[in-house]
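Dropping a structure here in structure tokens format, bear with me for questions.
Per-chain numbering from 1; labels A, B, C, D, E and F assigned in written order.
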Amino acid sequence: MNTREDGRADDDLRPIKITRHWLDHPAGSVLVEFGRTRVLCAASASEGVPRWRKGSGLGWVTAEYAMLPASTNTRSDRESVKGRIGGRTHEISRLIGRSLRAIIDDKALGENTIQIDCDVLQADGGTRTAAITGAYVALADACAKLGVPRALTGSVAAVSVGIIDGVPRLDLPYVEDVRAETDMNVVMTGEGTFVEVQGTAEGAAFDRAELDALLALAEKGCADLTRLQREALSS
Amino acid sequence: MNTREDGRADDDLRPIKITRHWLDHPAGSVLVEFGRTRVLCAASASEGVPRWRKGSGLGWVTAEYAMLPASTNTRSDRESVKGRIGGRTHEISRLIGRSLRAIIDDKALGENTIQIDCDVLQADGGTRTAAITGAYVALADACAKLGVPRALTGSVAAVSVGIIDGVPRLDLPYVEDVRAETDMNVVMTGEGTFVEVQGTAEGAAFDRAELDALLALAEKGCADLTRLQREALSS
Amino acid sequence: MNTREDGRADDDLRPIKITRHWLDHPAGSVLVEFGRTRVLCAASASEGVPRWRKGSGLGWVTAEYAMLPASTNTRSDRESVKGRIGGRTHEISRLIGRSLRAIIDDKALGENTIQIDCDVLQADGGTRTAAITGAYVALADACAKLGVPRALTGSVAAVSVGIIDGVPRLDLPYVEDVRAETDMNVVMTGEGTFVEVQGTAEGAAFDRAELDALLALAEKGCADLTRLQREALSS
Amino acid sequence: MNTREDGRADDDLRPIKITRHWLDHPAGSVLVEFGRTRVLCAASASEGVPRWRKGSGLGWVTAEYAMLPASTNTRSDRESVKGRIGGRTHEISRLIGRSLRAIIDDKALGENTIQIDCDVLQADGGTRTAAITGAYVALADACAKLGVPRALTGSVAAVSVGIIDGVPRLDLPYVEDVRAETDMNVVMTGEGTFVEVQGTAEGAAFDRAELDALLALAEKGCADLTRLQREALSS
Amino acid sequence: MNTREDGRADDDLRPIKITRHWLDHPAGSVLVEFGRTRVLCAASASEGVPRWRKGSGLGWVTAEYAMLPASTNTRSDRESVKGRIGGRTHEISRLIGRSLRAIIDDKALGENTIQIDCDVLQADGGTRTAAITGAYVALADACAKLGVPRALTGSVAAVSVGIIDGVPRLDLPYVEDVRAETDMNVVMTGEGTFVEVQGTAEGAAFDRAELDALLALAEKGCADLTRLQREALSS
Amino acid sequence: MNTREDGRADDDLRPIKITRHWLDHPAGSVLVEFGRTRVLCAASASEGVPRWRKGSGLGWVTAEYAMLPASTNTRSDRESVKGRIGGRTHEISRLIGRSLRAIIDDKALGENTIQIDCDVLQADGGTRTAAITGAYVALADACAKLGVPRALTGSVAAVSVGIIDGVPRLDLPYVEDVRAETDMNVVMTGEGTFVEVQGTAEGAAFDRAELDALLALAEKGCADLTRLQREALSS
């Protein structure tokens, strides 16, 4: 029998906590927790758009992701001190930005910019999926504050899935993540359609049946997260 | 009727050309062409491994991707001049490295390093998938030259697929790529299993049926590329 | 009559909150709050010292300070993205490091390194003094965990003081800080001696009497903070 | 009895030499010598102000400090070659800029920029205080040349003081600086008020009586330097 | 008797090959080969000039040179990854730019910019001289395409010469280059005048007679290259 | 008649001044003046050589060149602040290093490193040639101090020559340099052989007769400088 260290069923999320208004300054801000993973998501709104977009009547949403040095098991070096951003950081920042832009109507947003910052305070696996899930809520608050709630055409949530010892599992903590043969991050809308699917064979390549099982698990997880996002926003 | 500008059927690859031994110095080198996309792939072998791997008995394969400034429609700035590597470049370099490591037996490679360089000479869509497909052949030549052909546990090839005007299509050139609603890059082994699946909704989010159609198309394309790789290596 | 916006007396600290063990990974961690200023202080311990100190038998304590982009009134650019650390960040990182090293016995610490990270989650004036005050508590926890409590030869706390409309005040929030004619940051040991005194005339230069008044106020504030640190550590 | 290696009394400055017009190009330039410490101070004037200040009618004074590689005991690496400016350099550049701005009337300066460059040709302790003392004279010459002598609202000079073997001393050369238990840099106006006070416990923390003794010594030293600046400017 | 490894006479060029239109996107492009040295030269034209030249009515030609990592005997690190351009790269880029500007009439070019990119695909000595020789042809094609053929006031070609074992030789491959006592790169116009002469004593300093012999050899080589450029352009 | 602004004959050097021992710390140091051009040359000696040269028994001489911001007519930005070294700086640093290594016997130097720093305090044309001329003297002093005078196999000096209004002239100041049609820097040994010849057509390309005239002028200038170097070293 496959039991998970934390006692969850294979298709259970970790305890999810979404705390809105965690910061005073930005238009929207959320502390999101997926188990011990803790990400601070801020949505700062400002008038105007980058130069290349001026006069288009369209808004702009962009995102930056980073990890605090002490967020990881062993302290990691600060990218500002190294003077360059690593590939992984770039990759995740771009993923978060694309995911949020998928549910934004640039025209309804008008020539405003919303800058998303996702800073990982504590990392225990799934930081990018927690970041997307929390950033959506911060973005929704920012749009409301800007008076353009209709700039949101839907919602997005994200979850990780993976195969451990041959068994597909939902929402992997660090101990499972490092053992996973296959690892997939899936971003979905609240209506159940796909925004991003990123699957990687860590050990052996995976076949179509395994891929299908992982996608089904991700659909379940994103639906749960969508419900939790709605509850947080209506409270 | 949906006809493609270049007259291909929706599930046809562009003309593929794999020229081995294009360079004199590296252990393996390939000029790979997917239509007008032209990527120079080199596999440079050297004894020893990075410091963090010394004494492990294991080898190391890593990759770097870059575009020549004049390879694109409009000249793009040189990253060495800008002093920093962009997120897209980082992302693709990491993808190529992971894809090739998936079919490498680090033990059989021994404490040797193979550095893959994929430099895009001309870009017309699908540069990352051409790079992976060509880099595999260069890597195979390098393993042979190093006397460790068994370090290869299989082959990898990659192809892009996308939905244009509602129709799934294989191996997108630039004109189709910019119009695609959904864009997916798939890396597969010669045995037909998946190494990487990266799908992105460019316009609207996509549903499960669309995802399945794209995966089927990618399976067909990778099988074709695998055959072409074998032909090139046996000539 | 000079009343402060938040109703405090001129020699009152803001509400201070010191939350230990806020993170799971580092040896010591504290979330310190001076009113709405919120700084996450982590003390990560590792065996060994930098190369230039090897074989000396002495330990090493160093510190890095940074602000999250959304911590400020108006979002500030991320230093990792800019690719260089600003002068203010450098200056404060160095101040925190010197302040903590003042109460560390390098010999008793042995060849261990403690890396302090002070990340400002929310900024409302006095972030550097809050950082030092909180970092001391995290450092004390780290020394205890490392089994070298005697590496601490005392305690340090820090507070800002300034002259607003001719009146000396303790622990300035942002609204007072920007209006201060003179601004001083004072770091003191638990025994009431000085570790750092940094006074700057923002408007007019200040005379000796004003300097004396500010120093007296700082002595009072640091004594209060020392008491609060002790309470936090004994709870 | 405490005698200093160079025979000075504890409250004596080193031989001070201020040579004006050392360079042909900048509006003001001074070679300042505090004993063997030698700093070349240039004040380059240009019309206009940085973008963020345009249209304000106000001028701008800013400063950069650097050390030549061969100025120090052991050659130090060139910061341009390292590609980044160190924390100490940043800190001193900022200190010089703040000190000079303290005696500048931005309105009287008009929309002009004066850029101060302080390059240490030879270092023997007290380079930052020599830099401020010399830069003031270069700045005065530049204001005169620009036809805005009234942009200067006073003068500034700076000196280092420290406690060596329990004895407070003025204007420390390198051999004393490295042995000082406490080290303080003080910037004062010609009228005897304070612009900056930066005291650091190098060994043990210092008490209020020691702080008072150091401040008195600094007041004496700055008064002497102010007199020497006046003599230089009237010659 | 001095025979060259590749059987050439001392005043013979290696086999030269100039392939025009090697790329689809830039206005001019040439793959130039000097023996096994292979350089891809692209001339990208764009309307407008850099800010400092706007409104002058004058055009601008500039150049960048780089080597692919696998172009050299032993793989060289990528400058974009190192984050800085080396001195040799800078030097050669500047040389190419100056050489081409020597035969450009900025007025006839009008406010257009031509950006030359010379990327070394394979290096076997003489990459900078091959680059200049090929870049001229690409530039000529770009001027024709822009409709400003008269912007060219002449042609340029370049060749390396050197003294090996006391004997002056033309167009050195790598094996000769590393053994040369003196190494000279000469850029000449089609009319036989000099644009650049760069001679360096690698081993012993050279005397006036040796210098004269090298210059004569370079004149012969550049005349040959000029003829080959004309043939390529007229085909 | 062509008279030079400063009254010199066409083949006259500017007034040359070589002041040895200008700095206390480095093994050799020289303030060299070519008219108003003033360069501080330091030769810092240290035991050991860079890693790639260890165990070879050979020494190493390297050089860095830089200009102080206020050395030029109009202030130039500091390269340490820009975070990258410009091409011109790189080029000149490399030229100085090569020139000095031409007269160094690496074996006689032993495994020692001499680092040359040439910092331009004031620029009025010919800074690189003044730097080489002064650096040789500093290097000679450093070799003597290291006890390896025989590491010097000869001397080097350098001078600029150019054609202004059709007339060849020696040692160009800034006003002549900017008007020169052709500009050449020549580095020669004390025996009258060539180390470097770098000629550039600034306006029109130059013919062989002009090149010969410039070389003759440079031979005369370098011979004069060699004599002045000898006088300085024997005083």
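Just a few scattered comments:
Note that in this section a contact is a pair of C-beta atoms (placed from the backbone, for glycine too) under 8 Å apart; a residue touches a chain by one contact, two chains touch by 3 or more.
These figures come from a predicted structure and were not determined experimentally.
Rotation angle for the C-alpha superposition of subunit B on subunit E: 180 degrees, rounded in steps of 5.
Its interface matching that of B-E in over half of the contact pairs by residue number, D-F stands out among C-D, D-F or E-F.
Distance from the subunit B centre to the subunit D centre is 59 Å, each centre being the mean of its Cα atoms.
The geometric centre of subunit A is 33 Å away from that of subunit C, both derived from CA atoms. Centre-to-centre separation between subunit B and subunit C, using Cα means, comes to 51 Å. Shown for subunit C are the residues that touch two or more other chains, namely 83-85.
If you walk the ring beginning with subunit C and heading to subunit D next, you pass the chains as C, D, F, E, B, A. Interface of subunit D with subunit C (complex): residues 84-88, 90-91, 93-94, 98, 102, 184, 188-189, 191-201, 204-208, 211, 215, 219. Residues of subunit F that touch subunit D in their complex: 23-26, 29, 36, 40, 42, 44, 46, 64, 66, 68-75, 78-85, 89, 115, 117, 119, 121-122, 124.
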